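Data block below; observations after.
Chains here go by letter, A, B, C, D, E and F, matching the order in which they are written, and residues are numbered from 1 within each.
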């Protein structure tokens, strides 16, 4: 059982979440360190409020090397007018801001993986303090939570929006409706095996309508993936009644990862030769990738073979692979 | 004027380049250092020789984070039989082997950029010693030189094979014939502005038929780009008469980078939103990418606009950009 | 509620705190690590005892880049004779000794900020183990505690001695008497907002008479600031009856930091141009510093303006500033 | 009191500990990090099972820079046939596998000292997760536990096998029988002062027969020390009835470290001149080593003198010593 | 003898030095590296030109941790109007721009000390390429050269402007006139012992009127030192006839460093206690500073004594000192 | 051909090599760097002179992780009296002093391997500047040069003293006489393959009598190896007539490394199991060491086999080996 009485968060906000209009500011987290005794981590935040209505909490940069979310949200923060909104939009384009500045998955300060740090702690590491602020301050303000992810520097994904299979079926249904509204080319019903520490879980346990994405990866964004992200956030706000106008979602194909056979892991390090690309069909037993030992020429490579039929939805990105890395993820197409 | 009498190379080979048959071995470069007083850099090499005929020198990993070349060449080294060959094939899948092991463009030992280190020096840095060995030992053995490149971790390219416009038009013509034979989807006629220190220049100044590639990038390879590389090297060896069988090249589109206007550079750092993808057409004045300042929300981004009409052939890869980085490269389609 | 039964401290002392005379030795903290399996952190300590009387615990190097305390205490430890003393003086010139050796605010071993690590833990990090030893072994021995601080490498202060406003007014009064005795040019009444983890709080909660200082900064000491520190410690010991002789304090001016408006923070990084120096008067609305963006010439700087009338008592020290850094602190002069 | 209900371990095994025959596989520990979002630590494991009989759990690399254990266990894992065995042998040649790969005492991931990390935690650091897996999964499977140690890069030892003096004298007796069977040139009866966090303690508290070794050091193995390790493990398995054949132990000399006077610590850093070698006799008051200050020539060295009569059983290894390092350990010869 | 025919500089300028008006731009130096294959170093530059008249080349950040120059020059670049100028002003506020961004004396890229890198080399390190551009492109454009220095993070200076004693007395006289015009509180006639590689020497050997400064140090600027720098550059431009208006210089005191006795070096590392401050008078034999050994308490410090009468013009800044560091510099007051 | 007119060395000595008596001081090399703008490298030196006679130049720490030389020479520098000497002894216990302080083979400043840096350069790196000072200042003062080596952290040697086979047979004969006088258990006649850049070569080309040693290794010294070093230097000075008294050399066995077959190199990385120890006899074809792959259990190790009969004189030290490392060196016993 978690303790009831925690210290107050050390984070203060330079914006007033209850004020009307557009405000750009910071979540200021004091951070005393060798290069600044009285320094702070300054996490950019925008809040746009107009009258009564639901609150959407929009986040990117939960992992610091995933870019579609920050692009869509820096753009939205700059362009959203108070008059466009009914209710409130809270935008944090780069949740794990130190990681985002460094272009790394985890925080360079404490190696914290934001999405394994919830519910956080007000007297913990920098990453835990940020998680705690979302847990106790921002999440309670919201009805709708959209958290952008992509594959980051070491994975690449087919672009999809997703929500979790939940015990509360009404909550689940609302979430999948927003996934549909988002309108990514692919949509995923996810069942997390180990959800401990995730932002997703924190939001869902508070009863929020929570959706997330995987929109590409490799530590870059493309024109296409940026467009998907920007359209998706706009559609979600429209579907929620916060923005005016009709949802403009295209076709989506629904996917499912039925069991652990969807994953292939490397048991050797080396040079990867991919045999299938994202979106390709593969049959059980076919080679999805080959790993060449790199200490000498002439040695046999290791073939990584599919353990099920499916399409490739995610793959290891860097040209070299380490023992233990996930090489490929397959999924099956399901009815919506 | 370069000195005539250099010291012998400190590199010794464990293979005999004049022996018949298939040999897998190493270029051994003694490298005394803190973690190994009598250590060496061991660069894998394969030589396959069968009777009389031309010699092809095939290299990947000139830059250590470019993977199509190493994939095609580790595969070729493992599968090539002496009987398949007429003449000789020398395969060095990872020229700047310390960089390849580290997954970095330049050598972690001396930060040496192999393609700016020619003609090298036998008493210089590790990178310069390797360059010197190619300059004085391997290049003189070859008639045909194929050096694989891709964009590496920080650039992404449309897949093309290329040769240089040369003063010796007979040499140039032979090179472009091999480019055609390689059969990449795109082909490029390159005019280097500053060719000092390049392997290309070293080979061309010795009168070799030299071709190179850019086959993708981002520090990964795809199934598609690996297939292009493997087919390309096979076609080149067939065109040269070293391998039997017909060249199997598909269509290629010829490209040209007419002048410095093809490049757009960033003058601000920030978050990049790409507006066009590789292969997309763009008109002069259109936005190719937008750079968001990341210190706060609400600030205006900087628009990067095309300075000519063309198609996008290369782009900055990481999601964040630094002031001075090349953001995009355009090219125009030309007749073959 | 904190647990009652903790493991014993792993720290052992080579001096006997109950023995008469002068002893120089170490607090030895076993520290197994890659470069010494059976190594230790050896924190220098001096104890001088003579008969009955109060115990003063004198510390410097709570932050490792603050030098007036270590100078005064290495000097005192070397020169203090048992005959000079009535009671006991315990001197630890460099509390966070690993940080002091490294010249950094926090410990290079665990990034521990000593003044946020109390009450510490016997099975925690190195910094927490040291804090625990002060908490459970040294503080209980003392009646009077003087802990030297300065601004460190990233802040600079007007030289002042200080004590806290306390709930126990008798304890507070004794503390301010010692501040007066210390005799720095400036004296401060401090009300800590967030005192969690501080050595100050640990001492005060045990009912000790606790005083502290800020005597300069920038990661250096001057002849002047060193003289203030040496005179101050001598005066304090005289006022406490431990050293003979009259207190020789000069004039002091009393300062107060009334509320959060005394602080100015940077919301942009850049090059700082200070407009006022330590001790200068400034009026509300006046520029205290200007921050130039450094990516290009010609851009407008950001003016940092005072939010109250006051004199400058502390300022950011390094020539470059980061977003979130404290730029300046103002205080008002009050009656003693 | 430790909590009863812990989360399940995140580690999964690719071998089935209850299956008959020889299996080579991995303990797979998911480890999300900047260079692999979905990466794992892959700890090699071999299990050999044949019918009913006791289980021996054999481990090396508890500290990553100690090599006799890994040599004996990689060798045993490769050569042990199911038919040779009655019962079960579980072999983990490198417990703290990240440390073993790095050649360091502690884990490069979290600086975790495996032998101070028990009972571990399933949601802790990587080192704590491995400890937890041994605590809750592997130790319960075993009757006999042999954990190899040596001095590592910073200490050197006379080769000995050891067990602890235990409250349960039957358990103690069985342990010392296995020490005798191991047959190292020297054998030690150990009384741990501070056993908190040790693997030894974890095993002993479960009632296991636990033995350990110190077989050399300096971050290397010799032909002699490797032979001792290989013979020792074979003898132990024979003595336990798991392997057939007679125990082939030679003579051993029993040692005891009577009290804290056996240790000499450095209070100065500098250059060490050893005066006695491992196995040499020394009398109380004699110089065991001399420490030269290295800032200048001509200064007097510090003599480190023995505080008891004994033979040198361990010594500081690197040529330079730091203040606080253990310089030498003496022991006395006792009856078996 | 230096070679006549060098390669052209790889640096290109985005400003046209011959165009009228105010231009802000960059010196762009291509810099291919692991984190940007086609990256550049972008050195900000401003040129203001109006009709005929002399050219002043103004530089700061020759060492990257000296701030008065960059403050005065970023300010001047932003505020100077073409109409104010007769002739031309070229402003490079941060010559060794990579060092300036890093806040370090030397370049983080190549550890290059700009002021020991002249005449530079177009195919050398990044620092040498910048030096070469000044040597062959910018210096030839100028008649008057002002290069700002301060003490940087490890030294602190009395604020002075200086020029060199030169063989060409007319050139020397013009330089000292500008020193007088600059109007710092102190002025220095310098005789360099070892001028090899200095920017000063490069400028002077071309016959330029060259002046320089030391205006403080410690890696910070004060309001006072920033005012001196800003007034100084304005006065110099007025004295040169480039700006209109009267020179407004106050009193200055001329100083001389007569011989090597002005320097005191540390032969021990430790904690420094300064005995004199900048501007204080000291007599030969007096203690200028004391160095405490920091390995233990109770040891005698080393006294550093003046070797001549003089005033303290420079001192070691950090609180700890290393063997070999310059501790203090004395100078004598001379007639103007 | 090397240039005749070099700049003077930047190194100055605080001792006068022509003065009578004992002097302890420093070779001071100015070294401006980020952490000390006016810092120096201070290399300890002792000179002892008494009347007329030959000069011996004694050096250790040519590689910074080899300890027998520094032990013998710090000890000699401290104890040698002027009256003991006829002629002059110059002692530099740690030639590559920055490497010695860091405990590394090469300099942490510039990665310079001192014994590949001759003749050095006065305007080169720190290591080259030191080499140049020995080349042009210290070597010319000496008739006899003794340079101590050991195996360092990555190699271990049988203890031997050695000299080179030289073209000048008189010089060679004098050198081997001193090797005999040194009196190590083993003595070696060396024929360098690649002597470029060595201190040995620099001394021999000036006609000096040059001897060197390999006295152990692994980054440590033993009581035995320290005694060999101390006796050896005393014997050499006696044999040279500089110290009084009879040479007290024991038996020595002469060794020869006939050709390249004496070396075994690793072509795989992994865990080394040594099969022979230093001094053991081995026959051609026998296993000297085995390399286990460490990515998994159950794989076959690689056997390293002797290519000649001989005794093991040197071996790879660390427990892990990298591809390209020298694993073992054999030698044959020869007549004196």
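The rule we apply is simple: a contact is a pair of C-beta atoms (placed from the backbone, for glycine too) under 8 Å apart; a residue touches a chain by one contact, two chains touch by 3 or more.
This is a predicted model, so every value here is computed, not measured.
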item: Chains contacting each of chain A and chain E, listed by label; value: B, C, D, F
item: Pair joined by more contacting C-beta pairs (D-F or D-E); value: D-F
item: Whole-Å gap between the CA centroids of chain B and chain E; value: 43
item: Multi-partner residues of chain B (at least 2 other chains); value: 26, 42, 65, 267, 295-296, 318, 323
item: Full enumeration of touching chain pairs; value: A-B, A-C, A-D, A-F, B-C, B-E, B-F, C-D, C-E, D-E, D-F, E-F
item: Chain B residues touching chain A - in the complex, by the definition given at the top; value: 22, 24, 26, 42, 44-46, 65-67, 70-71, 74-75, 77-78, 91, 93-94, 100-101, 103, 156, 218-224, 226, 271-277, 280, 292, 294-301, 317-320
item: Residue numbers on chain E that touch chain D, as the complex places them; value: 267-269, 295-296, 323
item: Residues of chain F touching chain E in the complex; value: 7, 10, 26, 28, 31-42, 123
item: Of all residues in chain B, those that touch chain E in their complex; value: 63, 65, 104-106, 111, 113, 116, 151-155, 194, 196-197, 265, 267, 318, 322-326
